[in-house]
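Chain naming follows the written order as A, B, C and D, and within any one chain the residues start at number 1.
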Amino acid sequence: MIDWILFYIGLALTLLGGVMDLIASIGFFRFKDFYMRLHAATIGAIGGGFYPLIGLALIALSLDLDIYIKAYISGVCVIAAALIALTAPAGSHILARATHRSGEVVPKVVVDRIKEDMDKGDGEQ
Amino acid sequence: MVSYSVLEGVLPLLFGLFTLAMIIYSLRVFTSKSVSDMVLAVDALTIDLIIIFVLIGLYYKSPYLLIGVIPLAAWILILDIVVSRYLSKGDRK
Amino acid sequence: MRRSKSFLAICLITAISIVLILAFLLNISGLTTYGVNELTGLAKLFVLNIPDPTKPWSSHAFEIVTAILWDQRGLDTYFETSVLFLAIVASVALLSYYGRRHVHEGTGDGYTTMIVKVVTKLVVPIIAVVSASIAIHGHLTPGGGFQGGSVFVVAPVLMLLAYGSRFLSSRGFNELRLLAIRALSVTLIFVVGLLPVLYLLTHGTAYLFQNTYKPDSAFTYPYLIPTPIGMILTAGSIMIYNILEFFAVAAGFTLAILLLTREFERGDKK
Amino acid sequence: MITLIMGAIAVTLALVSAILIVNEKDVLKAIVLAGVESVFFAIALAIFLAPDLLIAYIAIGLGLNSLLFIYALKRGERYEEE
């Protein structure tokens, strides 16, 4: 009983993650600007990476395989999910910061307060 | 215990979803205008590939393929930091 | 001459169609299924003998690739390790600033933020534990010394990028110590491989880089070690080689990356 | 069968990225593309059951390779001339 519940929760999480991954990949094309694509990258990292890994860990726990294989697969899935939840937001944060400061992509905005502060000298740490 | 054959019926659907997402991400990587766009798309592509690795491991019922997943998840952070450090000290226009 | 977009498109279409045609032809002619499931020659010898403890040529290891690398091809792998050692020595000779008065070491201020530093602190222990497990389980699961060492390099690279090179060398990871770890590991690998030869001088026959007993040689490293928890399978010298190789590769790559990062940081604005 | 199709897709995408690397004028983009290519080859290695090579390939091909190239690029020119 409990293993069927685990299996269906895991399957639902994985399917949800797959759909979110597709949505994020379409969003990479639909959004026009680098700073807008950061939103799609968030969906792709957390929705398309974290959820399916937790779901696959639950699925692996519920299968009738050897206990060694089940524990290995779900352990690796949970560690990878934790790593993704830590690294993906930090990575896109530092990338967006460096991109804005170096002028690699100039944002198309009306008011840019960060740039005004940087020109005054307050933006530096 | 859930029989493995139940999962075997669902695996092609999961493979299809994530492979389609992989193809669209890689088209974004190939056609992007700036480096920042490309690195952002590589991040999302790599996270997609991690799940494909886990699915391949489940397909072969072999956990040994999965050990490569953890360095893959850590290297995307390094690629981000290296590219951003290069950009932030690169020649400004 | 700037190549046009249409040239690129023609290149892509040609390449993809060549791949598809080749795959189709291979599938039609049945080349893809020819002899896939049959072992031939040397492969049969390795696959049937290495994991089976009852066979005379067994290595008592379940992971055949690592067993071949360190048991059957031990001397070969030792010289590969020495080549990497020479490369590290050459990079130290080119880039080292040890003993100079003004060594520029960056701190990473202005490029990294608090978020990246905290995430780095959390990620580094996970990577260290995973790489050590890859190296220590090298005779049971895929992996081994080189793979574990090259995964471990993620940790010092993250530290160097997030905190700057001054942080790592102020915590004791300076050039001399890393080079000493590297040289000591490579020397110990050779000493462990040379022990059977010392046995040969006094007793019967033995081979260079020999692991467990062979039909005409009584020398053997212990492959099952009794502990209070139970018997531990160490596969003879394969586990020792893996751990030493892990230290060698990790210290060598860390040294090279440390020196290159210093070179990379030169000319940063303060 | 399904893994063979996936392997074919991955290797074809690796071929496409290899062709794009040759034509790229921005060297930083070419370095990132080289990392992507090695990731696609890593999928092929996983499908043909070579986990030993897979670990070393991910760590060296995607990580150390692009890191060293970007370090080297700091002393050089980012944009190739026509």
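In this text, a residue touches a chain if its C-beta (ideal position, glycine included) is under 8 Å from a C-beta of that chain, and two chains touch if they have at least 3 such contacts.
Predicted model only: the values in this text are computed from it and were never measured.
Undergrad: More C-beta pairs touching across which pair, B-C or B-D?
TA: B-D
Undergrad: Measuring from the mean C-alpha position of chain B to the mean C-alpha position of chain C, what distance in angstrom results?
TA: 24
Undergrad: With chain centres taken as the means of their Cα atoms, state the distance from chain A to chain B in Å.
TA: Here chain A and chain B have centroids separated by 10 Å.
Undergrad: In angstrom, rounded to a whole number, how far apart do the mean CA points of chain C and chain D lie?
TA: It comes to 20 Å between the two C-alpha centres.
Undergrad: Touching at least two other chains at once: which residues of chain C meet that condition?
TA: In chain C, the residues touching two or more other chains are 110-112, 116, 119, 123, 126, 130, 134, 142-143, 151, 154, 157.
Undergrad: Could you list which residues of chain B touch at least two other chains?
TA: 35, 39, 62, 64, 67, 70-71, 74-75, 77-79, 81-85, 88-90, in rising order.
Undergrad: So which stretches of chain D touch two or more other chains?
TA: Expected reply: 16, 20, 51, 54-55, 59, 63, 67, 74.
Undergrad: Which two-chain combinations qualify as touching?
TA: Result for touching pairs of chains: A-B, A-C, B-C, B-D, C-D.
Undergrad: Using the touch definition up top, name the residues of chain C that touch chain A in the complex.
TA: The contact residues of chain C facing chain A are 109-113, 115-116, 119, 122-123, 126, 130.
Undergrad: Residues of chain C touching chain D in their complex?
TA: Listed in rising order, the residues of chain C that touch chain D are 1-3, 8, 11-12, 15-16, 19, 23, 65-66, 134, 142-144, 146-147, 150-151, 153-154, 157, 253, 257, 260-261, 263-264.
Undergrad: Residues of chain A touching chain C in their complex?
TA: 79, 82-83, 86-87, 89-90, 93-94, 97-98, 124-125
Undergrad: Could you list, by residue number, the parts of chain D that touch chain B in their complex?
TA: 2-3, 6, 9, 13, 16-17, 20, 26, 28-29, 32-33, 35-36, 39-40, 42-43, 46-47, 49, 51, 54-55, 58-59, 62-63, 66-67, 70, 73-74, 78
Undergrad: Across the complex, what residues on chain B touch chain A?
TA: Touching chain A: residues 1-4, 6-7, 10, 13-14, 17-18, 20-21, 24-25, 28, 34-37, 39-41, 43-44, 47-48, 50-51, 54-55, 57-58, 61-63, 66-67, 69-70, 73-74, 76-77, 79-81, 83-85, 87-88, 90, 92-93 of chain B.
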